[in-house]
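In what follows, chain A forms one complex with chain B and a second complex with chain C.
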Partner chain A sequence: MTPLHEGRNYPKNLLPIVGIVMSCLLATQVLAADKKIPRLSNGKPDFSGIWQSTSAADYDLEPHSNRKDAPPSAGSVEGEFLPYLPKALTQRQKNFATRATDDPALKGYTLGVPRGIYYPEPFQIFQRKQDLLLVHQFGHSVRTINTNGTDHPKDPYDWWLGDSRGHWEGDTLVVDVKHFNDKTWFDRAGNYHSDALHVVEKWAFLDPNTIEYKATIEDPNVFSRPWNISVILYRHREKNFQLIEDYRFTLDYDDNYPPKPNKP
Partner chain B sequence: MNRKIRPASTLAMLGILCAAAPVHAHHAFSAEFDAEKPVELKGTVTKLELVNPHSWLYLDVKQQDGSVANWGFEFGAPFNLKQKGITKASLPVGSDVNIQGYRAKNGKNFGYAVTTTLGDGRSVKTGGAQDAPGATPGQ
Partner chain C sequence: MLNASIIKTSEGVMKNKMIHEKLALCGLVLTGLALVPLLSFAAEETKPPAAQPRPAQKQLVLGGPGIEQERSFPKIVSGKWTGPKTADGQPDIQGHWSNTIANHNNFTDPQGGIVNDPNPNRVAKSARADRAPSRVSYPADGQVPFQPWALEKVKEFQAHFNDPVKPEYIEPLARCAPGGVPKSLYWHGYEISQYPGYVVFQFNSGTRIIHLDGKPPLPQNIKLWNGDSRGHWEGNTLVVDVNNHNGKALFGRSGEFISENGRIQERYIFSNDGSRYTYEALLTDPTVYTRPFTVTVPARKWTEKDQPNGWHYEVEPATHSGKNLILDHYERICAENNGGFGLVAEEGKK
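Now for the complex of A and B:
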């Protein structure tokens, strides 16, 4: 037997083992490459693509049993229920009772934030270093998330989609959204907000085809404290998948839009 | 050649028509408001909504019997107002405002603002509808 420490035989004996280790390492690297998230040339995660949630959030953010107009769901809210102020809860109950006619989505209104994200229609993200452009199939709404370091404007309007300013915290896109109007709901169950709505979104890849979308929502006119929602967004990978025109003015939109304080 | 061009130009025409139709529908004065019913009101601002396609200004108006009624007036598009110097800061909640305009056809407490006079005396034309009467009410 040649002693192991004898230089000449040492590499020869180890060659097959080195080969096995090397191929294992290579295989691991290939697997890792598969799980690598897409990135822009500046290294930031690239969310470009067509996305959609499979959650029941749009039917009702809170846990609910099955209804004629909604499948059952365990809800999408941390802590399960929205922390309504007493007066606002009464309004929410009124909204729920009249949801078949008063849901702004049925009137063709822009869905707002975050409803547009988990509404059961796809939306497409186009992303550049300085901004992300979100095109929603529903109503063809277009939302810009600025990532160029700018702040909210000093003389804002009451936008349907608010004003979105994003920044990166590691691989998470954090977006501050405010300056909304009070004409949108969170879901078709009458959960609502005022024009003091403030949303902070967090977008992060779970894997190259899955985004975890979280939002913290505050509105001191309606809620007693901020609350959080979380939904998963899946990348559409069907062959030739694309957004289809879904312009709401082709429906009975003119009966409801523009919004009026009292319908004639 | 002509055969190829004709469908294209027809499509373009259709496109223009389709694009124009909803714009008109959004801003039709006559659908909602009555040019025969001018109104002039003085009140205090309760809310200004700078919303597209056009804004709304709400004010509390003191009635003859001492009670207060809330009125809503349709304004121009936010960008149009901005060009005229009207922002959120111009009409804060609680500020005085005088409005000349036209009442809604349904007789409820809302109307279409033509001339808005701010608390500082500044007077601006605020209506946004293409088919709205531009003249001062009562003239």
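Now for the complex of A and C:
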């Protein structure tokens, strides 16, 4: 057998360098294979899995020192603070003062958007070509993001989780969410919105097990301009991790059931 | 705001009906005389024949208006699946489904109305044999084989359903608790979707995730409204073992129940044309029953060919530029689950 390179005159001192370059290329390829994001059969990114944020966003979206009901955090908002209209800021301060009783999450209310995404409980995404189904462990509430080319309904209600219509911009899922009610908060610090809330979400893989979630939030009744948040979502990779029903709004009355034998 | 959007809605019957039911549910609060008329209102959805000496039997139409769609139904047997499959090899049975005989008013006499209903206009007038059979398909007497203490509790619940002087006499679904197993299968229509390793049921009250993924069941002390569901496919049959029940979800307004020690072995047997399934479940509970018994619930698929139905098939045409019909199903969040007294009371305060 004749070696392929026979007759070619490679300088011998370059061979080790070629070797290093080759192995680097190989390593990069292996790394790239590792980082290959999951995709549906139609080629779109597949976000199926169980996700959760480790951020302190649910305690308070804005920067804050430690306090008894929250760890300190530099916040999750671009520009640090929410651009409240003066009157709305007063309401926010009232909400903050009564947060220990008035936070809708404490009553077991559906968390809304985007709070459900960064609330410290897992949620599971079930994805098909035409939609994504988000099941939040908290309240086991279900949100559908339509990716079937449909638009918001012409005769909408006000919904807890709004109406979500998504489309793909490259590998980023962009979701327009509106038609909300005014009964949810953004966090347990009393940051809030009206039923004019409009959220535009952007979901993109940073790597196969990490999603960067961004949202632009506007509400002309409460804020002077749109503002942005960003949180990272991590895939639950614990062995056999699974959602567990958490219908906590039933806890206030479920002791009445089931029937039990009369005590003698 | 919510009220405004209800009022401005002009599409009428379906939305209004949905709202009415929700309002009725929302009104079911712990105490107070206001309960009685609201309960009666909630019960009206059964639309039994008006009081007449001997009324002509109401004609039932599959896919027609109303909740009751048929009085008898074909039996589907387990066997091969010859229909379409999902990419991961499951029989593809995705879509909107609903039971065909009745709501949860009465577990063992599904078209018989609410037990002890004080309103004579709502009491079924037809002969028992002219109504759909008991959901208890075995033993043959159609009754749940309760232990004496449990039967006493069920009768107590039935005696007080229309006069709920204690919280335990309020059907928990009226407070938006998840319907549980098996009641969710005869409480409004629902949607089944499939994913690799999962079958997901989206009910109006609660969501069931059925694991086909081989993950181990949850620890026994974790008790759940919908139980812990582990399933697999055998030909045309989805076989599901349901444990970890919290025992709190009643089987209907007639008060039947299972305890935390119960086990429900389900078989969803699909017809190969994909149009129907028969639900057969074996319920075992040494704490409450004297022997295992079988529950049968017939269901049919609802598709674009059907008219929307405010109980079975709550869909709306989606907004899009194409000419084909795409249907939306709006948010499934029971109003009352967001507050002890529901949206109605809350809106009323304003």
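Here, the second predicted complex is superposed on the first by the 223 of 264 C-alpha atoms of A that agree within 3 Å, B and C clash if a C-alpha of one lies under 4 Å from a C-alpha of the other, contacts with A are read in each partner's own complex, and residues count from 1 in each chain.
In this section, contacts are C-beta pairs under 8 Å (C-beta built on N, C-alpha and C of every residue); 3 or more make two chains touch, one makes a residue touch a chain.
Please read these numbers as outputs of a predicted model, since none were measured by experiment.
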(request) Mind working out whether A:181 is in touch with chain B, chain C, both or neither, as first, second, both or neither? (result) both
(message) With both complexes superposed on chain A, which partner does A:259 reach: first (chain B), second (chain C), both or neither?
(response) both
(request) Have a look at where A:147 lands relative to chain B and chain C in the superposition and call it first, second, both or neither. (result) neither
(message) Quick check on the superposed pair: does A:52 touch chain B, chain C, both, or neither? Answer first, second, both or neither.
(response) neither
(request) Based on the superposed arrangement, let me know which partner A:137 touches: chain B (first), chain C (second), both, or neither? (result) neither
(request) Report for A:157: first if it touches chain B alone, second if chain C alone, otherwise both or neither. (result) both
(message) In this superposition, which partner touches a larger number of chain A residues, chain B or chain C?
(response) C
(message) Quick check on my understanding: which residues of chain A belong to both its chain B contact set and its chain C contact set?
(response) 155-160, 181, 183, 195, 249, 253-254, 257-259, 261-262
(request) Could you pull out which chain A residues touch chain B in their complex? (result) 155-160, 181, 183, 195, 249, 253-254, 257-264
(request) Name, in rising order, each residue of chain A that touches chain C in their complex. (result) 41, 48, 104, 107-110, 124, 126-128, 133, 135, 139-144, 146, 148-161, 163, 181-183, 195, 240, 242-245, 247, 249-250, 252-254, 256-259, 261-262
(message) List the residues on chain C that touch chain A in their complex, please.
(response) 1-2, 5-6, 8-11, 30, 87, 149-150, 153-154, 156-157, 166-168, 170, 172, 175-178, 193, 195-196, 198, 200, 202, 206-207, 209, 211, 215-216, 218, 222, 224-226, 246-250, 255, 257-260, 316, 318-322, 326, 328-333, 337-340
(message) For a test of understanding, state which residues of chain B touch chain A in their complex under the given definition.
(response) 21-22, 25-26, 32, 49-54, 56, 58, 72, 78, 82, 87-89, 104-106, 108-110
